[in-house]
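One structure is given below, represented as structure tokens, and several questions about it will come after.
For clarity, chains are labelled A, B, C and D in written order, and residue numbers in each chain start from 1.
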Amino acid sequence: METHSIGIIMNGVTGRMGMNQHLIRSLLAIREQGGVKLANGDVIMPEPTLMGRNKDKLWALSEAHGCLPWSTDLDVLLADEHNKIYFDAQTTDRHFPCIKQAIEAGKHIYSEKPVAPRVEEAMELYRLAEAKGVKHGVVQDKLWLPGLLKLKYLIDTGFFGDILSVRGEFGYWVFTGEHTPLQRPSWNYRQADGGGIIIDMLCHWRYVVDNLFGNVTSVSCLGANHIKKRWDERGKPYDADSDDAAYATFLTDQGVVCHFNSSWCVRVRRDDLLTLQVDGTKGSAVAGLRDCVVQHDSATPKPVWNPDIPSPIDYWAGWTPMPNTRPYDNAFKAQWELFLKHIVADEPFRWSLKEGAKGVQLAELGLKSWADRAWMDVPEL
Amino acid sequence: METHSIGIIMNGVTGRMGMNQHLIRSLLAIREQGGVKLANGDVIMPEPTLMGRNKDKLWALSEAHGCLPWSTDLDVLLADEHNKIYFDAQTTDRHFPCIKQAIEAGKHIYSEKPVAPRVEEAMELYRLAEAKGVKHGVVQDKLWLPGLLKLKYLIDTGFFGDILSVRGEFGYWVFTGEHTPLQRPSWNYRQADGGGIIIDMLCHWRYVVDNLFGNVTSVSCLGANHIKKRWDERGKPYDADSDDAAYATFLTDQGVVCHFNSSWCVRVRRDDLLTLQVDGTKGSAVAGLRDCVVQHDSATPKPVWNPDIPSPIDYWAGWTPMPNTRPYDNAFKAQWELFLKHIVADEPFRWSLKEGAKGVQLAELGLKSWADRAWMDVPEL
Amino acid sequence: METHSIGIIMNGVTGRMGMNQHLIRSLLAIREQGGVKLANGDVIMPEPTLMGRNKDKLWALSEAHGCLPWSTDLDVLLADEHNKIYFDAQTTDRHFPCIKQAIEAGKHIYSEKPVAPRVEEAMELYRLAEAKGVKHGVVQDKLWLPGLLKLKYLIDTGFFGDILSVRGEFGYWVFTGEHTPLQRPSWNYRQADGGGIIIDMLCHWRYVVDNLFGNVTSVSCLGANHIKKRWDERGKPYDADSDDAAYATFLTDQGVVCHFNSSWCVRVRRDDLLTLQVDGTKGSAVAGLRDCVVQHDSATPKPVWNPDIPSPIDYWAGWTPMPNTRPYDNAFKAQWELFLKHIVADEPFRWSLKEGAKGVQLAELGLKSWADRAWMDVPEL
Amino acid sequence: METHSIGIIMNGVTGRMGMNQHLIRSLLAIREQGGVKLANGDVIMPEPTLMGRNKDKLWALSEAHGCLPWSTDLDVLLADEHNKIYFDAQTTDRHFPCIKQAIEAGKHIYSEKPVAPRVEEAMELYRLAEAKGVKHGVVQDKLWLPGLLKLKYLIDTGFFGDILSVRGEFGYWVFTGEHTPLQRPSWNYRQADGGGIIIDMLCHWRYVVDNLFGNVTSVSCLGANHIKKRWDERGKPYDADSDDAAYATFLTDQGVVCHFNSSWCVRVRRDDLLTLQVDGTKGSAVAGLRDCVVQHDSATPKPVWNPDIPSPIDYWAGWTPMPNTRPYDNAFKAQWELFLKHIVADEPFRWSLKEGAKGVQLAELGLKSWADRAWMDVPEL
């Protein structure tokens, strides 16, 4: 029984996502549970080093978690043989040069999405990593949401019969910041700073659809800039000029129609912030982040259109919640564990830089579809 | 106080819709309530004559409702001076010649939708009626659904602030007929017989959007033929080759994005068979056929994305049902009363043959958008 | 469009079952609805003649239903050419001679179950009818109970995956008659009068199992005479010496284990007077007389045994009621309509005298299993 | 007031049952509450020594509970005079030699069930213990389940009148391990490893029936191997060849018919994982693990069979839950306290090795009944 200590450079870990999801709820949680156990009894123990540009923030974060090592100098960290993995949670426009440098230093790569602002850059990173022979992966956390794992279970067990269509509804009301402070970073609503919901969310929808419903073959996307004035973190008004809603339809090579609405300008009357309704010949399901309800053919009512009377059918009653038949871990942590096993024990890991590039590709084509007012084919990368 | 008796030729009244909605729940209900009262105290009393091609059915329908007059001969009925209105509820392909003949005979025209299979024919009828100087209207019943009247109230009272987007979900599971008999006519699923959900439903969405959210200026529509084999009324399998779902997005001259899913292959997890979610800067509403719930800015929660725990917000709790502040009549009857007042007292009635033609136009452009994989502009008629 | 009038001799129609289920709710209901419609538009109109031994009862029954023809003389009725069908709802021991005579007179035969007290007699009737070339059928009403039709739907649509086992629970508390009058005939509890629950109910279970779960190949049955003293219709105590409960297990050629408890000495804590729980690899269902609830694999909870705390799982919550997707007719009437179509239009009808004999066979073998304390094979008839 | 410290060798305590139920929830809980109080004010204080074959596990278990003494050497522990009781929770095939050795060393014996794989061995242990003059007992925990204690109360107070029959339903859906990990050890489903539900559960049913409804005099049992392929703890498929369901009927010397279904292939639509329905002339009860509902004669409805309408009787409404009139301890702990009193104060304890042998006897005869397809008499031991 051996313990494999493995150094991880965590670049951009002072941001909200890097800190909460990747450091605290993933790597530190793995350390607390005694590492990741392999089939042969060995244990992988991640040893993170914090990296960023703001020394104060790094120092504070280190202090708060038992004096973790930290640095602002990528060269130094890459030179350290103990560091085997380079992880990047910086803003998108900073990924490319750092990941490239890390590949050259022979580090394995793990990156937040979107892996790069444009698909060519994302693919270049993929090719560089392959050429160098390092392993690589991209965060695709939604696949490990309990709700989506339940959907996966239904697909694997043939619950749906033939899957016909998927309705995705993502979003919630993001306050403008005028009377109620906004609950997302203000740059999300500025084009110049890389904002926009299409680039943010279509990366997600790509791997969700690819993994569950077949490879995306074409896309039609309408963006909208519904709210044009917002107030930033300091309460100052600014031009909110990026797309804050996207109405997108995807077709897959399995013939499934996937329509996804994504919006920061919608009030939520549904089971969860993200819901996926899947309809098949034999049954339907609506998954949220954690829960999933099903309606099998046998429980499907036969409605008759008669608006003169209140509906004799309670449309909510015919759905059954799926029970929790196993514990569900944090989605980010689940993917981290798989990545660490991939590095140490060479277990399979299909969520590579190329898969990450596919997400960027779909976002780009979505933007082009909006501009050209037409469907776009999605070529193989 | 005068009573205006007015003869109405009801062609195609032996069909399900003609019989239930137009004859029984509209005209006979109006007769039972003592006619339609005008502002000056006068009363309009409709006097329907049943018309169709099957004598047995006509006779039986007449018998069942107190021996109403009936005939299979349009010439005879048009020659009768007492008949002032020609109403057509036949299948779409039969409308054109009959309505044309009725216009020539100087009758006022009222017709079920789609008024014709192609927009040129629909517009020709409009031009003929205008040239002849007869009055005319097309059934647009959904506008008088209690749920949509409540939406109208919210719009008129400025509840929404600026309206940003509309999500329409229409549909339910239509059984294939294999194990459970289908609950809609089998021809709906055969192209050769005029089936298809696009021609059926986009006519509705046109007037709903035009009347509530601004004139439709462009459309993107994807049709789907999800289920390719069905069993007909006699239990025999057939090729179901028409579109049974439509994923359509409309833009309006008020800048509202309207996305409507229509499907006969979807299981219902929502408030009603048709729901319209309207989101505005100041509030949102979700209307069904009869009810409507609202969430004002003041009641809008501020969700935070954290899939590690069950949502601390109950997304259903923040919505309030609108009360019924007035009685709601059958939607078809409501429009009939307005049409009769239009005929007798010249009250305004904006749902003309031209408006009907607009519905056909949108369906045609929807089909073209599907074929061409591109957005279509909607020219003025 | 022709009307086929068809005379039916209804022997034993003054009994509870004959009167309520066969005369009033079946044949008279069919007359009221305008007969049975055939595919070609023709109509079958049954014309019942009441028959029995008590003139007063016959006269009263006739009067109550519009002066139906009646007689106590079988010879006369059989001689009448208009009578095409002989139906027998007498007590079991009277079936044989009357049915035999009717076969000889060339009448088609329809009979209540058990068709005879012993399997040889039941089979002799079958052979006589076949030799004479008359058509024949036996009442197997439970197959048309809405609850069992729903089960059939689940089986036909593959809901269960592989069916593993069936738990049948039939019965309720039949009062002894001492303080509360008994709600079943007292002869049911006297051996000498043909009482006993095994002969009564195993006939039903045979066709239920054969039709839904595979042909019965062996049986183990324990009878019990739980309550030995009862009070009859006049309040007089008597020896209740027949079996009033049966604990029977059947195996089928599809490898399904069917365990059925039948009892008149059980209080009901279940969904209905008869429930069938079917468990399969993919899902389970519990059907009652009219309703059926399902639990699909996807909704199956994962219980852990811990009696120290109240169960964290609500075992009722994971079941969904099947909706009514079509109207359900009276079960007896449904079978009558099929039989009439079989007679007039030669439509298929598999519930023949031979099928009736199978029911008697199972009851006989059940009794033998009880006596011999061993499993019995069920040979083919 | 004296304190009687009593050393207990706990063999096999690292297994799930030994650790949770016997060590933690029984003996450690007794220590925490200050021991077992006797009528004379004396106190019994159990002093457990952990025993097993895996030193790591023993050490960890000891550490976790305040450094309890532990050993892997039975000879050493038996040689220690302070140890008065030998308790065995190993797998069944290891009981015999260890218990025999402990008897020879003069220790009192307490053992998990089944006390041995075959009845002769179980009886030999009984005879050895009697010959040596040591005291002995076998775990029969279900007798102290709150639900069964409530049943006992009803029996003792004459609630049922004459008890006629008992319906036991035990079981739940054990996942195959293909898509959802199985929730029981995989060896339960392998014959070669001592798996099978008959040997597991009939031991329980023996003492439950003997203690509540009269001594079992005969048994008919059908085993079934419903699911033939399962996936083990490491996700590997294997042949599941042991019986996973048992359909058994027992007769008792009090004339009660007891039918028990036990299954790991059944979905639960009942009050609890184990339910016992008892029907008597004066009333009925359905007991679960903790709760029990009753229906007295006075509350018994009088149902009429009419499937044409929904049942006018709510069959659930006529049952009343029994209140908790006293605190219920963990069932294992309750029996431990009685056994300790039996050892120290010679209080009666009827659940001896002979009673344990009876359980094994019934399981053996159940298997033989299945093989021989016949009822088996249960001879006195």
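The criterion applied here is as follows: contacts are C-beta pairs under 8 Å (C-beta built on N, C-alpha and C of every residue); 3 or more make two chains touch, one makes a residue touch a chain.
On a predicted model such as this, the values are computed, not experimentally measured, just so you know.
Most remote from chain C, judged by the distance between CA-atom centroids, is A.
When the CA atoms of chain A are superposed on those of chain D, the rotation angle is 95 degrees to the nearest 5.
Work out the mean CA point of chain A and of chain D, and you get 49 Å between them. Chain centres here are Cα means. That of chain A falls 41 Å from that of chain B. One finds 67 Å separating the Cα centroids of chain B and chain D.
As a whole-number value, the distance joining the C-alpha centres of chain A and chain C reads 59 Å.
Listed for chain D are residues 175, 180, each touching two or more other chains. Arrangement of the chains shown, judged by which pairs touch: an irregular graph that fits none of the line, ring, star or complete shapes.
According to the touch criterion at the top of this document, the contacting chain pairs are A-B, A-C, A-D, B-C, C-D. Here chain C touches chain D in the complex through residues 25, 145-147, 164-165, 167, 172-173, 175, 180, 183, 218, 220, 222, 224, 226-227, 245, 247, 249, 257, 259, 261, 263, 265-273, 277, 279, 281, 283-284, 286, 289-291, 293, 295, 300-305, 307-308, 310-311, 315-316, 318-319, 330-331, 373-375, going by the rule given at the top.
Residues of chain D touching chain A in their complex: 175, 179-181, 234. Those residues of chain A whose C-beta lies close enough to touch chain C in the complex are 150, 153-154, 157, 159, 282-283, 285, 294-302, 313, 318-326. Taken together, the chain A residues at the contact with chain D in this complex read 39, 153, 156-157, 325-326.
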